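Each chain carries a letter (A, B, C and D) given by its place in the written order, and its residues are counted from 1.
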Amino acid sequence: MAEPAPPTLEVSGLAVEIATDNGLARILDDVALAVAPGEIAGVVGESGCGKSTLVRAVLGILPRGARVPRGAVLFQGADILGDGAAAARGRIGFIPQDPYLSLNPVFRAGDQILEIMRRHAPGRRADHVRRLVDLLRAVQIPEPEAALARYPHQFSGGQRQRLLIAAALSCDPALVVADEPTTALDVTTQREILALLARLARERGLAMLFVTHDFGVVAGLCDSVTVLYAGRVAEAGPVRAVLDEPRHPYARLLLACHPDRATDLAGIPGTVPPATRQPAGCRFHPRCPIAVADCAAAVPPPVAIGGGRRVACPRHDMALPVAELA
Amino acid sequence: MAAYVLRRILLALPALFGLVVLSFVLVRIVPGDPAATLAGDAATPQQVEEIRARYGLDRPLAEQLLVHLRQVMTGDFGRSVFSDRPVAEEIGQRLPATLELTFCALAMATVFGVGLGLAAALDHNGPVDHLVRLLSVAGLAVASFWLAILLQLLFAMDLDLLPLRGRIDVELGPPAERTGFFLVDALLEGRRDRFVDALRHLVLPAVTLALPGLATIARFTRSGVLETLQKDFVLYARAAGYGRFRLAAIYVLRNAVTATVTQVGLLFGALISGAVAVEAIFDWPGIGTYAVRAILSADYKALLAVTLVVGVVYAVVNVLVDVAQGLIDPRVADTSE
Amino acid sequence: MKSLRAALAAALLLALPAGAEAQRPLVWGDNLPSSLDPHALFDVPSQLILLNVYDGLYRYVGNPPKLEPWLAASHKVSTDGLTWEFTLKDGAKFHDGSAITGADVAYSFKRLLGMGKGPAGAFRPVLKSENVTAPDARTVRFVLDKPYAPFLAAMPLVAVVNPRAIEPNVKDGDFGAAWLSGADAGSGAYRIDPASYKPRQSLDLQRFADHFLGWSYNARPIQDVRVRPVIETSTRVLALLRGEIDATDGYLPTDQVERVEKNASTRVAKDESMRVFIIRMNNRKPPFDNVDARRCFATAFNYKGFNEVILKGLVIRNPGPNPNGLWGNPAGLRGYEFDLAKAKAHCDKARAAGAPLNREVEIHVQSELEQTVQAAQMFQSDLRKVGINLKVVPNTWPGITGATARPETTPDMWVHWVSTYFVDPENWIGQMYDSQFHGTWKASSWYTNPKVDALLRQARDEPDQARRAPLYEEATRIVVDESADIWVYNTVNLRGLTKRVQGYQFSPVGSGGELRLMSLAN
Amino acid sequence: MIALRRLLRDPVAALGLAIVLFALVVAVFAPWLAPYPEDAFESHIIQRLRPPSAEFPFGTDALGRDILSRVILGTRGALVVAVSVVLAAALIGVPIGLVAGWREGWLSDLLMRVTDVFLAVPQLILALALSQLMRPGLGTAMVALALTYWPFFARTVYAETRRLRVSLFVDALAAIGMPPRRILLAHILPNAAPAIIVRATIGMGFTILTAATLGFLGVGAAPPDPDWGLAVAESRQHLPEAWWFSTFPGLAILLLVLGLNLLGDGLRDVADPRLRRSRG
């Protein structure tokens, strides 16, 4: 559990909406989370739950047509949602999901990272090159000087992810946002990259927002975890507590179906509702085995249940039917 | 990269060989009788036969083909059946005019096409986008011979802004010939007046010729940019703080133009075709008019040479396009070796 | 832009050496021949070179054309009509300054016959190379194989060339043809600037001050001429209106005449020429082997509509093969007239005789010559009314003339002009309807009538024009009666000119392109 | 049906469809729509070059024929040329593309080399030369155009076949022992169909333009055929006085080609809904 230091990143009451041909899509609603310095905060949810939008809101790259009707994103105490906040965002590093697709294939890898460095800290190219070589060594890229001149397709997937990590670190960040950085990699490489991330975060005292759909990864890496469902926080708290004893029916079902590696929701009947047609009340209630009429009537607010945990379900202490857990 | 370029060149050779054979077969079936044309208006049938024998037109077709191939290998295109002058020399005098025209048109099409395509993509589904889309489709729909006439009537006859025809003013005279490109030659001899005049003569034909190409390039650039904008690496670059202009004009465009560059190569063929009508209307002394003339007068030697020369130019342009693609996208040169 | 051009012109003036004439050269917008060698071909464009860069022993001058001694001072014919001796004028010089001798003339004829192209056709049947000799420096002698009446009439076809210019450039016994196709070996009033020559694009000519005629007849001859052919007819007219060229070709579309005349700085020179517009019928192919079928076609063409309305009366009805003004035409020759009722009657008669008038008949036009297309379309429209289905086939001169070698490949019908190559009925009726010329485009109606053959051959061998004339008249009557072809009009040569061109004089031979007669107003 | 609805939602594509449908209707009913249907053949020289009026809304041409009628009558020819050329080109190009895309080795190489050769010849020059092959005229021009357009189909189908050949479902079909011919005809061809249809639509526009250019150069349609390109060519020497003579046939070409291109773009968007885009 994290020390009660002022958080590096604080998201509160965040809502994001996008106007589409099929009506207004409420991608995120009333999302709150905080990441303290040195803390690795996990965000878990299945596809379509709003993870990526959360990342984009934090990074200030919401898609065209998206708007934020409510809420705030504070980085080191400064609001970074507005247009003028680009400078404040300078010390946020980003590790994207797919290392194969995230580097422009037609530019040299080194040049792409140097360009990022140049944007963040104007200075002599030679200085940047020297720093970058150090970084590449830190992320264990062999022959870092030569690597600078190579094109992305000349690296393996794992190496590319290391390059991207180096790029994220190149701006000397206080916060690193990682968006499922290991999904596209094979299992062995995944493990290496996670270990590297853990080590770097520890060594550099980084705050890290780690987005994934994989509870296994969260368990091995994160200090705290926030479970998202259909754009809302279902449950949040210290990682051990949440994983050992989930309280929200969604989280319980999720972890119950796959006690070791909860990777998807195949075991839960029904599907995630589309963002344009969210059910009233608790968004999980159509699929919830313990739902009652009230669940459809009002949105259940997240309530603190002690131990730094919050759960958005008034019936969080009800037992689930046995059949569901089988 | 050198190996890649070499490979591209070698790949073009069989196509050129095929072109030589194909054009020979096609052209020799043309029914106009070159011997009769050559003999002239007052010829007797016996004179025609003599001429046929002298030019080897009475030999079997296969034998004529072999002779032709041997001549082509040695760069000898023979003499024009029509004017009795070396075809190579005649084409040499005319090719620069066509190249000057087509390259200017191509440059114009590329610069404006890429610009418009980019502007449209960045304003996706906005007013600029719709305007460019409509203009580019219309650009492909306009018959160039019709447009040429309208431009002549408007800019030369009514407004008296630009010359009607030709490459240079008769009194000014052509610049001393070094490259055959009037713009270059005028610069080489330091004659600004000739340069300006040659440029003014270029405007209308080049615009006419460039329009369809411009439309094509704008469309490809637009879709390329739109496609690229969807890529993860663009999102990543935005997240990592790339500037908006740099992102659009360099980072995205370089990816987006790979498809456009291929089009430039294909367009060149279309440009040469377009040049046939445009050269005729603007009285541009290039190989387009030469080819039409050759066809109309059944001058098969000239026609063979024109097809081959155009084929070579086309092949060269496409090798250049391949090289450009290799430079733009390093994966191309790597994977095809 | 105007001011810019003025500034440029001023700059150019300053750049000129002091005392030089600042006259804008004449820009001649007519076509260039495909070769500058006067012995290589003979067509309408090549007359520009023949008449301006070269001289012949005789020349046609004026309209109607008169045959006048040119390099020759006089000539003598033996009584048997076989031996011709020409005496040369004194002091005539080639462009290189050397004097023109009898040997040079003989060389010219040997070259012509040896090359065997273009104009040689008029001489080869009767003249062998070794029978051209130069007894002395001022005499040249021809001995013909048999009498040939049009010999003198054809004399202006032959340019006298300079052997001293040609001989160093002969390769592989080509008579220097490769070289001369882009060079000058003449003595004419203008000389070629070889550096300026680009085939079919440009040719610059400079006045030859030492021309044998001298220049006393022209006070202000034109110093520089730039020949700049314009490919497209309409571009050519626009260029004339803008003053980019000073002269069009002689085929100005009749629809443009009014416009050129309305323009303040241009005019149209209209001169009756000797160029017959004709619709050929392949007399070997049914239904055209039937005389009534041919008459049916001849009465279904709307001569008046075409000549008066479409061509705006700028041509003259020509009822027979020879142009109206020429000798050898029967007095009061009446051609066919447009009368669909009569046409129907002819057709019915032909049909009764089994002529296949229901088949689709093809008419080949020269698609780049608008008039041939218009005539065919109008004809097609009228023939429909008598139940004949005419199909217009666009073709080209080489395409058609290549096909006229055999009757099976010769089109049913085609449209063309017969221009003046030499001023003699032989140029028209002689070469068109004597069956010995079958296989040439001129005889492409494949008309065969032993009586006409006999008349035409007799006329060819008869040196006395007074005795030849009735023979041609008789032949003409027969051919017209049998409606061998459809003769439509005799051309009025229409050349657009800028008004600064003065002294322009037309002759059917050369179509008014004799530059030596012209001058420029400033 | 869904495709049609999606097509209609794009106003630009709907405009294209409307133009093409309009042209089709005009072409089918041309003899009834044209005020003077016999003006396809008949000349009336007395009334030549009349400006637009109530009697002749588009004026008359140099032989006194009603231009409106001839523009209407010319629609049929333009569409017939476009459809038959593109169909013929597809019949040559598609099988070649399929075979070359499916096979590996020399046959594939050879076919694509031949395709390249045809691509390297400038289209119009080849078409001109071929037009002289038998005799100039619309039929020859159509043969020439088909012979120069098939490489585009071959290229398109080749690329599609190559793409689909390595896809999983083709592997699966091959694994269960389906013969290549059936895979090509029953599975790859239908999948390549959208690309072919788009190519064909654009090709029709292109063909109309090239055929008009051939007509303009005098080796395409033969007079008195009411061909649009021919009309523009005939009108040249009457410009600018008889402006109506070239304007209406010229506009007809523009409009029909525009319609076909817009429709092609729209079809492409429908065929490829991932991204609403328009490529040449």
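Rule of thumb we're sticking to: a contact is a pair of C-beta atoms (placed from the backbone, for glycine too) under 8 Å apart; a residue touches a chain by one contact, two chains touch by 3 or more.
Source: prediction; values computed, not measured.
> From the Cα centroids, identify the chain that ends up most central relative to all protein Cα atoms.
B
> Please compute the C-alpha centroid of subunit A, do the same for subunit B, then give the distance between them in whole Å.
From the centre of subunit A to the centre of subunit B is 54 Å.
> Determine the centre-to-centre distance between subunit A and subunit C, using the mean Cα coordinates as centres, and give it in whole Å.
90
> Counting only Cα atoms for the centres, state how far subunit C is from subunit D in Å.
Their C-alpha centroids are separated by 43 Å.
> I'd like to verify one number: the distance from the centre of subunit B to the centre of subunit C, where each centre is the average of its C-alpha atoms, in whole angstrom.
Taking the mean C-alpha position of each chain, the two centres sit 38 Å apart.
> Provide the list of subunit C residues touching at least two other chains, using ranges where the numbers run on.
232, 234, 368, 396, 399
> Show the residues in subunit D shared as contacts by 2 or more other chains, in ascending order.
Where subunit D meets two or more other chains at a single residue, that happens at 132, 135, 236, 239.
> Residues touching two or more other chains, restricted to subunit B: which are they?
31-32, 149, 153, 157, 280, 298
> Using the touch rule from the top of the page, what pairs of chains touch, sorted by label?
By the stated definition, chains touch in these pairs: A-B, B-C, B-D, C-D.
> Touching residues of subunit C toward subunit D in the complex: what are they?
Those residues of subunit C that touch subunit D are 232-234, 237, 253, 255-256, 259, 302, 305-306, 309-310, 365, 367-368, 370, 373-374, 376-378, 380-381, 384, 391-396, 399.
> Across the complex, what residues on subunit B touch subunit A?
Interface residues on subunit B, with respect to subunit A: 231-243, 246, 251, 254-255, 258, 328-331, 334.
> Which of the residues in subunit A end up touching subunit B in this complex?
Against subunit B, the touching part of subunit A is residues 56, 59, 61, 86, 89-90, 94, 96-98, 101-107, 112, 115-116, 119-120, 151, 153-154, 164, 167-168, 171.
> Along subunit D, where are the residues that touch subunit B in the complex?
That would be residues 12, 113-114, 116-126, 128-130, 132-135, 205, 209-210, 212-213, 216-217, 229, 232-233, 236, 239-240, 246, 250, 253-255, 257-258, 261-262, 265, 275, 277-280 of subunit D.
> For subunit C, which residues are in contact with subunit B within the complex?
Residues 1-2, 8-9, 11-12, 24-25, 27, 34-35, 37, 40-43, 116-122, 124-125, 177-178, 181-182, 198-202, 226, 228, 230-232, 234-235, 238-239, 241-242, 244, 368, 396-399, 401-403, 405, 421, 437, 439-442 of subunit C touch subunit B in their complex.
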